[in-house]
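Both of the next two complexes hold subunit A, though its partner changes from subunit B to subunit C.
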Partner chain A sequence: MNKLSENLLDKFSMDFLRNQVLKNAYGNDDTVIAGLDPRVLIAWYLFFGVVPWFVQDLPFLLGCFLLVMVTTLLARVAGLVLFLFAVGVFSQTGYLFLATLLFGGDASAVAPLLVLTLKVATISLASVTVFSGLDPDRLSNGLMWYGCPERLSFSISYAYRMLPMLMEEFQNVLLSYRLRGNPPAHDTLLGKVRYLIYQVRIVVESFYPLMLNTAKRSRTTVEALELRGYRYAAADKAVKKIRLSALKVTWNDLLFLALSALWTALAALCAALL
Partner chain B sequence: MRTIQKTSATQSQKLMIFVLSMSLYGLATLFTELIPKFQVGLVEFSVEFFLFIPLTLAMLFDPLSAALGAATGELVFSEIMLGQFGGLGELEKFLTVTIGVYLAGRLVKDPRNRTMVGLAAITGTAAQLFMGMVVDVVKVQLAVEDFEAVEGLPESVFATEGFAFLNDLLFSGILFCLLPTLYLVPRLYGKIEPLLGMAPRTAESPVAGLSPKILAGCAVAFLCAVAAELAATAGMSLIDWEAEWAESGTALAIGMVCAAALAVAALLVIRKNSERNVAC
Partner chain C sequence: MNAVEIDSLTYTYPGASQPTLNGISLRIEQGDFLAVVGNNGCGKSTLCKVLNGLIPHFITGQFEGAVRVEGQDTLESDVGALARKVGYVYQDFENQIVRPTVLDDASYACLNYALPDYRERGREALRQCGLEGREEEYVWQLSGGQTHLLALAGAVSLRPDVLILDEPIAQLDPMHADRIYEVLRALNEEQGKTIIVIEHHTEYIADYCKHVLLMKDGQVQWLLPTREALQRVEELEACNIFPPQVTQAAHRLRAMGVLPAGAPLPTTVEEGKRAFAALKLHPQGAAPAAERAGETAVSLKQVSLSYRSVKGEPRTIFDGLDLDIRRGERVALIGSNGAGKSTLMKLMVGLLKPKSGTVSLFGANIGEKRAEDLSRQISLVYQNPEEMFIKDSVRADIAYAMQVRGVPDWETRTDALLERFRLTGLQDRDGRLLSGGQMRRGSLAIGVALEPGILLLDEPTANLDIATRREILGVLEDMQDLIQTAVIATHDMQLVCQWAQRIIVLCGGKVVADGSRDEIFARPELAGQVGIRPPEIFTMARALNPDARCYTIDAFTRCFGEA
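Let's look at the complex of A and B:
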């Protein structure tokens, strides 16, 4: 048990996380999905993110699922994201299934739950394709074109730029607390509990310097933005037009849409025939 | 210098608070998204809550900016960056987090009053968790087609959701929201404000205190979250109807396939042509 937890901790070291997130954000610019127009992809996502909720046909759902699986493979999404997706989907519905059994349901509960799992999986894979497949700048431009608030696209760009730095800083603060701290012995059960509490306390305490540092940094950021007239630029139509002029719908985008439509129509046909 | 000393924040200070809250809470939720959840039988110890970060910031600064920043941070860092964006569900999460944090921030009149800080922290958490629970129950009821027909499912959903609510409130609510907030607010008070160029909040600040108007505003926002669900129900019957209509005519489905196939073929030809044109 001890070994297992240590193994897990090794896997989930801070550097590993940082690498995975960065890889996810910037590591796959050359895929088919990343080359598509963000506006087209978002529209595509809106279809596959909404429609499966409302459809109960198994063949149709299965068809949609296969399609988004292919697009996820095309987008070459980082392993960690896929792992999280799998854990998320199966823990959610598997948990519900166990609870149903416990409260006197029987195997007949499986069918609706399977449909539910399929829906959830399709929707999350579609979002993985779009939001991990695109690089952040294109994504935020696409969202802006649809009239999302400027704040949101600013947040996305800012988050991707700042995250590695923030993670590193958090790690440094945490390590410095660990260096100065004296962890309780964790051989007995009571000691283990105390050790856990100690760890949690360190994490909470390390947010104290982190908050102060981040406050300083966010002031610098905002002042730099203000100097360049950010708040006026955000509201100005001409600036928006210049920023969005780089977006262009190509034949590839239309082909992607048409292929998706073909596949979905085939699935609908199957659903109608069966 | 009077203008700098005034207690309500300027626009750029609000942006600073927004950025601060967004990056800190975003970072924290990113970790919680990555840590697998502890689960002992039915009891789920969700260590999901770093909610103390926006709670602390909402009590020290302008509550609305801090609340919006936290919700945006969660959306951007842990949902969009990790590709876990779930569509409709995220809107509810966004609204419930905003309401919970905002309420807590408004409740506190003077951040030096520890009793008030603790009370506000636990109230905000409870509000957020309760709204999340209501929305969850509604969601499952909508998603599973014949919800009532499956034996044992309704009871199990109500029981587990109610249990998770109590468990989250008593376990992570006290451990991860109440205690850290009580620890951080008095320590940060008067230290973090000058870094953003502001005067510390006092009982006279215009951002403190709850009025019926604010409560009504929160209720409206929560109704929006529920309305998203109800709209989904309405949409469900609409699209269901359309789907039935499409099923009845197999010809229609065949027509759709033909049209899509035609479009694919045409686009392939056009693309080839345009490539040749470029090459020439």
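Let's look at the complex of A and C:
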């Protein structure tokens, strides 16, 4: 047991997190989903992110859910994201289910809960498909086409560029604490609690050096951005045009839309017949 | 025509009481390859930022005088227009890369200035900088040297006439450093670009630069052709610039009367062969072989380790590595960037766990030791001192480990450490805001606070100028009574030769050589294989006499100094 918990902790290290973030952003750029035009995908997402809220019909929701499950599989989303998704969705409804039973409900409460679960799951998976199936750059280009400000799209791709560096730095600061700190012994239950509190405190305290180090680094980045014309691009319409000219709708996009539409229509038909 | 013309420039940073640049007048010819040298804080970087218009357009302050780049007055221009004339590569170049993929970053500036052929320009710049074929790679897949080339490509893509590089090779191993300079030479000779480097590696200045500009206290001392400039040994040394070892040796021999009084000093090994041709080797007794007694301090048995990669198979760093380090040894760990030096050190302090195999400390497996016991036996000083500062003052940082362990009289011990590392006057400052050398001393003090028997140092002299490097070397010598066993990972071969008793050469996660400096540097094939290079003075002595073993200038003058 001890070995297992240590093993889990070991797996869930900063290194692992960093790897998963990178994998999520860039590790799947050769999938079918990643090859689609971001504008098409965002439009697709608007449908599957909004419509399920307003539909109560079980077969239709089930159909949508199956579809987004397939697209999520196609996007080869990183394990951590799927894990968080599962925990998020099922803890939410599982908790509701328990609450229902506790306050005198019975098994008949399952059906409405299932509808809610399907709604949340469909919308979440649709988001997961779009936001982690596309690499941040294509995503921000798509958003820009729909009129989002240049600064937002730059921020998205820059954040992804910075994240691995930040996490590595954070990891090193944490390691500094681990090398020099003196964690409480954790062989008793009380010790374990104290150890946990200690760990949380260290993580919080690590943010202070992390922020200062990042501030120090960003002095160069700010100057470099100025030299590399970031401010000029924001004011220049021609830049936006050049950047967006790379976007192209292909047969794959149309096929993807057609298949989605066909499947959704089929689900709606089933819902109407049943 | 002149690429740069500066007339009586005086500049004061906002809020500063003294001008950083004081009455500078200067002409830099088009097509020059110029090295700017000078003390820390003499205004080298400030001068370069004046050229690309960051000063006064982005960083304000008091600006007097005129600066013209390619005939364009920087006051009447803006940063954008100047950026296409002057490319700039920072010392901390990795912070200047803002895009995730290589081609994207190389063409980013061109896109921002709305040049329709931005991709083509990016590709061309990558080709010129030797990164062809890596267009689609992600920036974090690149090694340190490649990242630097990418930063350079990002600047080259705008096709500027002037390129400025701030300490381009400070973090690189000799092989990567050579590559950077070969690329710069090609840009200079084939494209006719004017190159300005801030550099304190005078060996590279002698090999590549055409002119040298010496700055002192915000003023230009002189601008001379390289050979002439490097002859001025006293003037340079007064500014903490150390001429190539060959030149220093010749200078000493001339003072001793071994070389004729008026003879010009050689600046490269080739010139040295002629200048020293008449000298005879007087073999000195070989240095006593370091005794390899002592118990085993650190032992790695069949250690394997791999990193997760974003795509595909995990990247294997070590596969069945065996290594023993004995008590009392002074070990240098060398090898090119990415050979696994830092990883090996992290394994030794237990920050990384091997996938298989064991790491043990004085015979006990470190996996079974408590972190508290471990940190009293072994300590690691990071390459990046900033990451060791976790408190808001140097004093608190040095005290931290002793304080949380309740070491008796930790306060007096902190005082003693501050005194020893000459940080008493700075004890209340935040470590991050100190100068490079002070930060390094601070991180060393933190590393030895618990008096570990074994100290691991990752690149203790990286990013430091030569004078500060000497200072750190002095500190290392001085720490001998505190530390029994020390391991240093470094590219700095002068440090290796002066300090280490045992040299371990890592290459691709394997120990390819292990022995004394005589054993390592006598094998020229190693240098080609792993990108290490003996100090220039050693190469010089060997060129004169294959039996010579001179690792320092002192040794060289002793061996060749008698008439």
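Quick note on the criterion: the second predicted complex is superposed on the first by the 265 of 274 C-alpha atoms of A that agree within 3 Å, B and C clash if a C-alpha of one lies under 4 Å from a C-alpha of the other, contacts with A are read in each partner's own complex, and residues count from 1 in each chain.
The definition used in the following text is that a contact is a pair of C-beta atoms (placed from the backbone, for glycine too) under 8 Å apart; a residue touches a chain by one contact, two chains touch by 3 or more.
The shown structure was predicted, so the numbers you read here are calculated from the model rather than taken from an experiment.
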{"item": "Simultaneous placement of subunit C and subunit B on subunit A, clash or fit", "value": "fit"}
{"item": "First (subunit B), second (subunit C), both or neither touched by A:L22", "value": "second"}
{"item": "Touching partner for A:I123 - first (subunit B), second (subunit C), both, neither", "value": "first"}
{"item": "Subunit B versus subunit C as contact partner of A:T221, first or second or both or neither", "value": "both"}
{"item": "Contacts of A:V81 with subunit B and subunit C, given as first, second, both or neither", "value": "first"}
{"item": "Contacts of A:L102 with subunit B and subunit C, given as first, second, both or neither", "value": "first"}
{"item": "Touching partner for A:Y158 - first (subunit B), second (subunit C), both, neither", "value": "both"}
{"item": "Subunit B versus subunit C as contact partner of A:L212, first or second or both or neither", "value": "both"}
{"item": "Superposed model, angle subtended at subunit A by subunit C and subunit B (C-alpha, nearest 10 degrees)", "value": "100"}
{"item": "Of subunit C and subunit B, partner touching more subunit A residues", "value": "B"}
{"item": "First (subunit B), second (subunit C), both or neither touched by A:V173", "value": "second"}
{"item": "Which superposed partner A:Y146 touches (first subunit B, second subunit C, both, neither)", "value": "neither"}
{"item": "After fitting on chain A: smallest Cα gap, subunit B-subunit C, Å", "value": "5"}
{"item": "Overlapping contact positions on subunit A, where the subunit C interface meets the subunit B interface", "value": "25, 158, 160, 205, 208, 212, 216, 218, 221, 223, 225-226, 231"}
{"item": "Contact set on subunit A toward subunit C in their complex", "value": "10, 15-16, 19, 22-23, 25-27, 135-137, 157-158, 160-161, 164-165, 169, 172-173, 175-183, 205-206, 208-209, 212-213, 216-218, 220-221, 223-233, 236, 238-239, 242-243"}
{"item": "Subunit B to subunit A touching residues, read off their complex", "value": "11-12, 15-20, 22-24, 26-28, 30, 33-37, 39, 42, 44, 52-53, 56-57, 72-73, 75-77, 79-88, 140, 143-146, 150-153, 155-157, 159-160, 175-176, 179-180, 183-184, 187-188, 191-192, 195-197, 232, 235-236, 239-240, 243, 246-247, 249-250, 253-254, 256-257, 259-261, 263-264, 267-268, 270-271, 274"}
{"item": "Subunit A partner contacts - residues on subunit C that touch it in the complex", "value": "52, 54, 58, 79-80, 83, 88, 90, 92, 94-101, 104, 108-109, 111-114, 116, 118, 138-140, 154, 307-311, 349, 351, 353, 371-372, 375, 379-380, 382, 384, 386-390, 392, 400-401, 404-405, 430, 432, 446, 449-450"}
{"item": "Interface residues, subunit A side, partner subunit B - complex", "value": "12, 17, 21, 24-25, 49-51, 53-57, 77, 80-81, 84-85, 87-88, 91, 95-96, 99-106, 108-109, 112-113, 115-116, 119, 123-124, 127-132, 139, 151-152, 155-156, 158-160, 162-163, 166-167, 170, 200, 204-205, 207-208, 210-212, 214-216, 218-219, 221-223, 225-226, 231, 251-252, 254-255, 258-259, 261-262, 264-266, 268-269, 271-273"}
